[in-house]
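Consider the two complexes below, in which chain A is the common component and chain B and chain C are the respective partners.
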Partner chain A sequence: MRKTPARGVQILQLSIREVWDSATRRFLRWREPRVSDRERSRAVSRSFFLHYHASRIHPFSLRPAYTLGLGLMSFFLFFILLVTGVLLMFYYVPSAERAYSSIQDITYVVTGGRFIRNMHRWAAHGMVVTVLLHMARVFYTGSYARGRSLNWVIGVSLLLLTLLLSFTGYLLPWDQLAFWAVTIGTNIVGSVREFTDMLGTTAWFDPGGFVKSFLLGGDSVGQEALIRFYLLHIVLLPFLAGVLMLVHLWRIRKDGGLSRPGDADEVVLRGRGGTPSGSGPGGEPSILAWPAALWAEAAVLMVTIAALATASFLLDAPLREIADPSAPENPAKAPWYFLGVQELVSYSAFAGGVAIPLLFFTLLLVIPFLDREKDHIGRWFSGASGRQVAGSSALFALLITVGLVGVAIRFGWLHDWIPGLPDLLNMLLNPGSCVVLAYLLFGMRTLRSTGSTRLAVISLFTSSLVGMLLFTAIGFWFRGPDWEFYWNPAQMPGP
Partner chain B sequence: MEEKLIRFYKYLALVSAIICIAVFSLTAAFDHFGRPWQAMQREYRTILAGRAQNDRQRAEAERSPIEVRQLVLPGELRVDRCITCHAGIENPSMDGIRIPFSIHSGDYLTTHPPEKFGCTLCHKGQGRALEVQDVCGVEGHDPSASLQYVEALCAQCHLTLFVNGLPSSGTEKVRGGLELVRREGCLGCHKLRGVGGHVGPDLTEQGRKGRHYYSFRRIKGDHSVVNWHREHFRDPGGVSPGSSMPAFDLPGREMEPLITFVLGQFSPSLPLDYYSSEVLQEFRSRQSLRTGREAYLLTCSACHRSDGAGRDFGEHPYGAPSIGNPDFQAVASRELIEYAIWSGRGTSRMESWNPILSGLRAEELELIVDHVRGFRPKGPSLAAVKEADGSMLLGRESFAHNCSLCHGEAGEGGPGPSLNSPDFLGAASEEFLYSTIVIGRSNTAMPSWSALPPREIASLILLLRSWQKESRGLSLPRIGGGNSRRGEDLYASRCARCHGRFGEGGIGPAILNPDFLSAASDGYIGQTIARGRAHTPMFGWREDLTRAERLGPDDLGDLISFMRARKDSLLDFLPPGASTGRPLQGRELYHELCSTCHGRAGEGIKAPALNSQEFLSGATNGFLLATLTLGRRGTAMPSWGRGTSEYRRLTAGERLDIVAHLRTWQREVLRRDWISTPEP
Partner chain C sequence: MHQPKQDDAPHVIARREFLGKIAAGSLTGAGILVLWGSLDLSLPPTIRSTHPIRLGKSSSYPLNRFTFIPASNLFLYRARHTVSALSAICPHLGCVVRKGEGGFRCPCHGSRFDEQGDLLSGPAARSLDWLRVRRAPDGQLVVLPDERVGPGEELHI
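Take a look at the complex of A and B:
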């Protein structure tokens, strides 16, 4: 009778030991004495979460100064936004009467609520910034060439989705800031109607009105708009963005890993001191993804979270008074990433709100097809001439933008000098489109003088970027009540 | 190379991870243990235990949980978490402890139980917040939430404007504000609860308007709603350019209650059981004001001042006539006042106070008219005049100064009837003369001389009697009741050509004037008609005509009964009355003498506008003539009949010419519509 309890205990002991061994040896790989390259390779390719990586990568891809980890940062910020967003969904109520109170409860009462909300807010802003910087990085290293054009297009679409995600989320707190910013934004979208009015086609073709009422579910921002924005923000747009991100990452593998210059192999070999420590199928240097790539990613992840957490600890996300449809903010400003557009809209609603942004996005999308050269990939600015062109385009954009806008503010523009000018000309020749025209002409001049499409495209991109930054800065700091320009922001009249 | 990179990444990850852990731990610690409200509750617990009277209480106090406490108002109206820190507001043993632990002051919580009222309904702020900086105003501290202005929120449920519904204690400030509004006449330009004018914005919901409704561009002090009102009251045109609001430079002890009052204007938006029944009744259908003085002060005194002194047209953009001026009151009829109030002056300054527009009721408007009429001095009684010792010297002086301007230097007449006719004096009794002088003839040029002392009136009567010579006696048979319809025909065929179709006067005096008919006896009328007035166009209808045209005693009776029946005028407009002036000459005179102040087209520059149809419909030619003749003492309007050092004297003919010119501006006759105006 002593055997049966002992046998049971034995089985129990064996089972525990098996579970323990399985967990520590196989899953955590804790107590494995030595791990071979083959083990490492298998770890990556057999794991669901890790198999996105190729099991071997080119050492050039690890260089921090090349990518700056911006793409990873964007992805991790997206992930953090998903997590914090889901946590916020536990308490947020998408009803015009209760949304504001639910945010108040999250901020003031829920343990960690203020922190989570701050993280969500700053991650959102951060993601817009990193996505833009990532796009700039990809562009300036020419990483859209050589068959990566599809990935570039997916990337631009992701930029658009990021902006839309940020915009739809902006409305949800339902405070004065949110309400009026979204009113401005949807009015900008609806400004297509100005163009169709001019053509006289609004009666039967009104895309502006259509998109605006699709977004708002009505004529003005209200409960219907809140539900639609909420739906877009938590389901449709994250889903689309997530799917596109997965395709974006998969394309990296299919395009042969992260871009690198033609002489990447030599650079790596020089760095190693001439001795190869691993080689891939074609003889080029390669190392295992585990642990190198994973440590790189871990570092980017940790830096992102650390920066975000510190910012969320120190700075609170804004919450103004509850939205009051009868008390407009003056000035009512769109979210900062749309302020440049709002500034352009102040010159001409259609040209600034629709035509120029459309032009900008179209040009972005077709950059890989405008640039016919293939050899400049993998180098920042593609060399000294690229740096020069970028510098001169930036300077040109600065001067021409500040100059034309300054003239418009100080002396007025065509519609002041020639009162009888027809509306169409006023719209086409407003300060914003003149500036854009200047960029285009400068780009074409670069093409003609250098003969290089790459340099022309660098010129266009740089001047547009600088121009957008300038317009955003003007809208952010120098525009006060009634969208009046104040040379000295300190003199802006009080709230 | 890769090893260096990997090491770099490892270190970067480690350092960042440590920072993350640190930040997350700090956040968790603060959020869980370090919240200010938790410290508050612990302190409260200690105090409670310290004040416990026995062991059981002490144990209970020490065991009380540290948790968020909140009041959820019925219907989830609001959620107030103030009691998380202010835990002792209902605990009597917390008397005398410092804020935030002390018991709530006064007995407000017995009448306003926290479960129903919460905290923020009276104290404003974000009830859902748990820390001070989040509670008090969303963007910075809002002074209107401080205790200094808390009565504004009492007003939300308790304030009635038209009855005295405020509780007796704890509402001194808002009551003071209400008194100021009643005194300063704010409703002359602003509407409150449906009553008032349209010049300024409707203030019924002013308490609900946050900072977004105000422009702080021209505010010098701090940018709070309270300070906005303070600066705006002191200098409305400076804060809101283009405003026509007069400045109210009140001392602090009046300014603060007024600001409290303005901040306390709300219309009901909470469930109705929060409001006092008087407030609900007032919003449904308010009580009427009971005295003309109340109504006048509430709506008129901002521009016309409480004593009717008015505001100087020359100085202020919102000049208002001085309706209490004795000269105005002497010549203005009740109809003129009624027209002015009911039709306004067609300007934004003096709007129509018709009930549909103003929210005042017809009976309240009548009270205001009575009150304005009350600015006229009563005048001495007949007995006082009879007793007074008149002197011829005084009589001659007074006649020359006052009466000769219209009645001629020797009483021979001018625009006014001749007074030295023996026929007149023979028929006129003491009572008739007294009534005529003291009451005047409303809507004609004969003012009411009620401001004169009894001695002067007696002297005038003495003077008039001195002109009375022997008069021919006339014995009239008794004039009994007559047929007023026949009298009407007689009047139309015989009298109207001189006395006016409506008896408003023409070549002859206004004999259907109610004041005349009250003063004149049947005998006086009968004698005058029968005998006539020698040396005037009035011939004796019994004596001086051929038998065929003569009026017999029956005719006289019919006429008199017709005249008596016409005492209450049935007209719905005011006939302008006699006008014998020449408009073109009047125009020359007007341009020379009047246009500097009244404007070339009568639009009014430094003086009231004269060309409005509302004014001309209510002002008869007699009123215009009397105003010209006598002027308005104490204002810039001189007496053109007497002349001043600056302005020459105008003859009666010149004055009549100017009146005729003014009358040419009238394009339409506004009708008295207030007889049938429906109640709002």
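Take a look at the complex of A and C:
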């Protein structure tokens, strides 16, 4: 006869089963649900992780050529950055004496440390790329319209946070690259003083000095700066970015799923999207989030991890010599995504490092409020006229940027021609700000000739993007020692 | 909108509304204080490191030449009867300039300065700073890194 377990053991078994069941059912739900549509819908609506989806979504949202998976990639990269970042924290020491050697330990001694550090570095670079491309995708498909303006604003904040996260992480290895990039970066912030000095308000209103000493905890990059950057990098900024990312995802659902064109239903019914399995509340075609959306997301995740792992296997994250506060490298270059700004600050610190980036982010933020047209949503470039405007703006930006920078390099600029020019004019009329002014004028012209705010912002956005690329390319390939311009990088003198 | 009873005086506010306003006000006030306090805490009480830099005897430096002092990022220039100190920190964005032929160059953004530290070209907004040099009672040279002087103000030896 089988012995029944004691009553205490029974209660224990029951509670374990209950906890386990509720965890798998309500929280994780990792088991494939029963095949009925009802079961699948319940799986999504009852699970903590899956409730970011509606249980039924529009099949148009699954078209890879529409989203390119860029937002998801950014999200997955952020997640990978959290995991690898925590792993690196096991060994990293945020002290000016030990930071560099702890990174050396991670790279050369710790098992798998080099791979994890590579992953962290390349995921950070990758995230800057995917976030920028994601923004371009959302912009060119007009997906900031129709109540999605809040999510656009959150997205722009996330771009800013991504850049700040990269920048604060840059100091932590405490090598030459880190030290001088951050010295320059914080002095760019401090250069707001150039402007407040001119206005004569520095004594009682000094945002440049305030932010600089907030970041550095002193007047130069040292131990205090390192611990502050560490704190920002591992706690404050990831927390902010994480919260905003969750709101960003939640808003997608609140805004009725991913944006789609007015004729999305017909496109799908003609069989060019996913295959609808039913219809949503408005009679529109819909598809179950489980499994269609989950498969798509898993595919993006696998592509992301595969690409990142390959890159981290093949390429090592750089680590230069230990920071030397008395000898910058020549040339001392910022990470590639800040080289456009570095090129701009080589004309004027305040205009290039503060005013133009501030203008850029302000314009990005107000795009949904400048352009209130509603009929363009979900179509790339809003059709043929938008493609044409984007093309002509790109061409215009290319010509004017290369032209003005060429003049500045070959013949000098205002202060070389007119020696007594006031500082304010020198600052405001440098090649960089003249280029930006030209973009603005071209955008205005587009607005006047077409009368369409959508086409005007397409023009502005495109020329800014092209300008950003060009300045980055100039800084990356054509600037040598002493920030001199070289046509051919092979002609640069060696160190 | 909720209207008070007809017989009430027009400016009497309901108790709930009053308490609600008090609550909202004190929350806002507390929030501002917390924010202000945390920002104030994060600003270091002493910012500048104003330690004078001791550089030994003037005779240990070569004549008529700029000598770079790496630990304090400055150039010391010793002439026959004078000593002067030129800050090596570029007034543009804080890189350390290098001595080249005919002057100084910044490796970060290409500002150029002549032998007197005067701005020749580049994005810097002003010239390099000359710093005060004094002599300590024991005869050592002392540079005061926070005290800028005009180009002619040298220490006579």
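As a convention for this text, the second predicted complex is superposed on the first by the 456 of 495 C-alpha atoms of A that agree within 3 Å, B and C clash if a C-alpha of one lies under 4 Å from a C-alpha of the other, contacts with A are read in each partner's own complex, and residues count from 1 in each chain.
What we mean here is this: a residue touches a chain if its C-beta (ideal position, glycine included) is under 8 Å from a C-beta of that chain, and two chains touch if they have at least 3 such contacts.
Since this is a predicted model, take the numbers as computed values, not measurements.
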item: Which superposed partner A:T111 touches (first chain B, second chain C, both, neither); value: first
item: First, second, both or neither for A:T310, with chain B first and chain C second; value: first
item: Which superposed partner A:A327 touches (first chain B, second chain C, both, neither); value: both
item: Which of chain B and chain C A:S382 touches, first, second, both or neither; value: neither
item: Which of chain B and chain C A:P493 touches, first, second, both or neither; value: first
item: Partner chain in contact with A:A292 - chain B first, chain C second, else both or neither; value: first
item: Chain B versus chain C as contact partner of A:T183, first or second or both or neither; value: second
item: Common ground on chain A, meaning residues reached by chain C in one complex and by chain B in the other; value: 327-329, 481
item: Interface residues, chain C side, partner chain A - complex; value: 39, 42-44, 47-49, 68, 70-71, 73, 88, 92-96, 98, 105-110, 121-123, 125
item: In the complex with chain B, residue positions of chain A that touch it; value: 59, 62-64, 101, 104-105, 107-109, 111-112, 114-115, 176, 268, 271-273, 277, 287, 291-292, 295-296, 298-299, 301-303, 305-306, 309-310, 313, 319-321, 324, 327-329, 481, 493-495
item: Chain B residues touching chain A - in the complex, by the definition given at the top; value: 1-2, 5-6, 8-10, 12-17, 19-20, 23-24, 26-28, 31-32, 68, 79, 81, 126, 128-131, 134, 138-139, 210-213, 216-217, 219, 223
item: Chain A - residues contacting chain C, complex; value: 180, 183-184, 186-188, 191, 194, 210, 213-214, 217-220, 224, 228, 325-332, 342, 345-349, 353, 412, 416, 423, 427, 481-484
